[in-house]
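One chain, chain A, links the two complexes that follow: it is found with chain B in the first and with chain C in the second.
On to the complex of A and B.
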């Protein structure tokens, strides 16, 4: 899974497996639409109108793309090193939970104080939730796929406990927290759409990653990816790399969790990580493990997530089709020799 | 006393899907392929069995259909990993997303929201009236007896037959196996197909046996628990069966403890996963019996 570092960005996008995977997945989905008696042209039409139809719908796509971009760019370094951190939902939940607790306990703090504090707390919490499996991997070589997944279920259990108990809103019988104070909300990017400044935070990671590629750390990461034994000789401490790469991915997911509660929902609920937690991994893979590819893939998927809901109303297609589409893309992408570790 | 009875009975009942899926995962991992898509294959089997049941097929037919659909979904896994040489972890993860999504899509699109009655228990005469273990071991539904029978058969296969030896040989050293005239590709393909059939059966034991309906999150992470069970059981049938029982016991305690204590039910949901993590750490110290080509 070596990322195309040297080629031009356009070529990297056009020649990537991701584009092929999307094309094949679209063909299969169209076949499936025929099978269940849905007109694919009408469905595509609804999808198009509900994504590029107006500034508001465009903004809805951006809103959904923001956490996906956030998660995927911070996952990139670990994926390049062959670490499969699928714990983004749990790390996102940990970030969202800690940001909620802090915001609820500082109801009168000014916005300039509370917003950064929430962000940092969420970043630390998400990073910690990923550092546990990272440490286990570094120390005992435990399988990080199973351990990060176990963390997801543990975080869901903790959220379920808190939201049905100490954190539950007094005004609802649902498992959800009280509304966050208005001061903790994130400013919007433009009027008339819900896109928020979290998008800029996520975008800021893209040049940072590109710069990392050119730095000594980036060089060592590539070496580590290419040949761990050789990298050890060149001064790389594999255990520290495993720990920090995992923590970085978790920190990004934690920030995404903060954005979800502070900018979109303004309250915490158990399903906060659905479906963006797992979708972040797709974005990273679809983006051919390149930061710029992630931007394109994140918007594509964000628009699809919004458009999928619109398709139910407009074309009578259940939104579950999006999950099928994602699974097909990943399957076609993965079932190729060059994705072999 | 009644509490112990209840827990014993429900831990055996909850062990059944884990045991069935575990046998499949064990065969697949012994041949050198970690089937991360197990969760999806169980969902496919659970859904197929449920659909067959509400479409009017009888129970035996529904079970067979669940196994066939599980086997077909494992065929996708074999196609992606064995034949197209894809990364088995990514292909498995894709199936984990794809198959439940497909099941949910068809479920919602076709408005299939009926329920079938839960299966009756089969009592073994005399034995089922033994206190505590009687009702737990000798008064369960048909899937339990199937699971016990299949566990014994798979154990015999790995410990006594040439087939079991061939599967293990491929998992340890495919190149050497090939020099002995074995095709590693076909052995791995067959192992995966068997895994799919077992997973389908395990899924059906959830939708047909326990719940009597199909809900979107019916598998609830059991496929991944099974992967951890196989690792803890050190890739042996008996060790993994013990792991399946332990997980069944934890799940039963989660269901039954809140009635007799004040431990919050939501926090109990984290316990099996904490045990999974502990299992991973413990088993990391004794990895000698792992199939050598397995990425784990």
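On to the complex of A and C.
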């Protein structure tokens, strides 16, 4: 009975709220194109070419998608529990900062040593940055939206201070770190594009999450998400769960920060989180809080973000139209029918 | 038993005991502190002062609001049934659940609690109220508890379900479980309880021996009238 099952999964995806939101947003954006005198077919053409046109452009889409996947996948467990961690920029910055400091202090270490160490350090730093709001939430029920947002400002301020002072590169009077040692760079996935093994690291979390869903802890998490009081009778420690869920989200963002400095920027800038911002959360929501949905949504966003820049040249469309498009998708998705709880 | 919150209890000077195999009915009107008493007895709430002493063993709790407190409605019947089972090594090995053992126990629990026609993967919200209550009771009693705390267990049930639940409570009694039944439904209390204490405004105001005193005395105590007529 595999054929009927496959059809129902496909139908479920096609009629899902996320896909419907995207379709409606596409209709709206096409109307907008007509309104500003842009040929939507030409724009779509450019978008397609900048996504699948060549290995390089495909790789660029992957490069943009990787941190989004990394952040969104680790954000899933906390989102499912109703914890809204919007501290990705700060946690990412914390991860990027610690990876930078470690890499700069190990300039002669071999690649197989420095890369994993940087990854672990970034994971821990990002996790710690999220653990503070997590602890506040667990212990005093502090609203995590406020506390994670506040942490963003704190981390950015710390970055600004360090990059204008102790961590500043000697080369120019600019707020940026010295160049990271070459050994800390991430190996590429295939030649001809910038896509790097960070994608594999992010993808590794997907089967882990799927396995978690089927495990004992996954069951307790599920119960915790839908009935925290009953979950306590099942052996759950709610405070520990809140803390670890938040920390997990921070760890993922920290890893994304490490990827950003090690694979893309090769030095630390105060605006290290700017290309990604809060998009990780957006991807998680658009992916309907499912790991496979996150893969699809992360790639969609990554390709769109890269393609937006190409559309400026190819179709005379301002790249901000992509931001409008993404905003429309989120808007329409937020208006979806609420059938649960 | 982990507590969910410590609270300023509205109960005062509660002092009563339950023996194995005994059904103690707690009669009280709405607002007399029934819910707080149920939660304290079940170990869901830890009182600020006072102590309980009980033999070690699982406690079964059937709360009044089964939708909100006893079930996770969007989750499957399977997930709602294994709440206590997954704590035991027979059903969980390391990070994984023992699916076969669980499956067998679930089938047994469903049939012994007389929940018929339930699909394990269907959400618990798909069950009727009576079946939901029987599911809760079956799940709680599967632990072989030493104490069952039931708060208005027959609320909203049809006649057949009431009979099934009553049989389940009696079965637990025979197995040596102590039962505290907190209820505003006098008919059920009178039929099931070996002895009845009365809760009023957070206090146990007395015990009623129905053979000697009758329902009127019970009603008066529930309304806050003391034995000698004083309020």
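Note that in this section the second predicted complex is superposed on the first by the 321 of 341 C-alpha atoms of A that agree within 3 Å, B and C clash if a C-alpha of one lies under 4 Å from a C-alpha of the other, contacts with A are read in each partner's own complex, and residues count from 1 in each chain.
The rule we apply is simple: a residue touches a chain if its C-beta (ideal position, glycine included) is under 8 Å from a C-beta of that chain, and two chains touch if they have at least 3 such contacts.
All figures in this text were calculated on a predicted structure; none of them were measured in a lab.
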Practice problem: Check chain A with both chain B and chain C modelled on it and let me know: fit or clash. | Solution: fit
Quiz item: Counting only touches as set out at the top, which of chain B and chain C does A:171 meet: first, second, both, neither?
Solution: neither
Quiz item: After lining up the shared chain so the two structures overlap, which partner does A:147 touch, if you call chain B first and chain C second: first, second, both or neither?
Solution: first
Quiz item: Which partner does A:234 contact after superposing on A: first (chain B), second (chain C), both, neither?
Solution: second
Quiz item: Does chain B (first) or chain C (second) touch A:223, or do both, or does neither?
Solution: second
Quiz item: Does chain C touch more residues of chain A than chain B does, or is it the other way round?
Solution: B
Practice problem: Taking the C-alpha centre of chain A as the vertex, compute the angle to the C-alpha centres of chain B and chain C, in steps of 10 degrees. | Solution: 80
Quiz item: Does chain B (first) or chain C (second) touch A:112, or do both, or does neither?
Solution: neither
Quiz prompt | Overlay on shared chain A, then closest C-alpha pair between chain B and chain C (Å) | solution = 15
Exercise. Show which residues of chain A both chain B and chain C reach, each in its own complex.
Key: 340-341
Quiz item: Which positions of chain A touch chain B when the two form their complex?
Solution: 1, 36, 84, 86, 136, 140-143, 145-147, 149-151, 153-154, 156-158, 160-161, 164-165, 278, 281, 285, 317-318, 320-324, 326-328, 330-331, 333-337, 339-341
Self-check item: Complex interface listing, chain B residues touching chain A
Solution: 36, 76, 79-81, 84-87, 89-91, 93-95, 97-102, 104-106, 108-110, 221, 224, 227-228, 231, 264, 266-270, 272-274, 276-277, 280-281, 284-285, 295-296
Self-check item: chain C-touching residues of chain A, taken from the complex the two chains share
Solution: 214-217, 219-220, 222-223, 226-227, 229-230, 232-235, 237-238, 340-341
Self-check item: chain C residues within the chain A interface of the complex
Solution: 1-2, 4, 44, 61, 69-75, 79, 82-84, 86-87, 92, 94-97
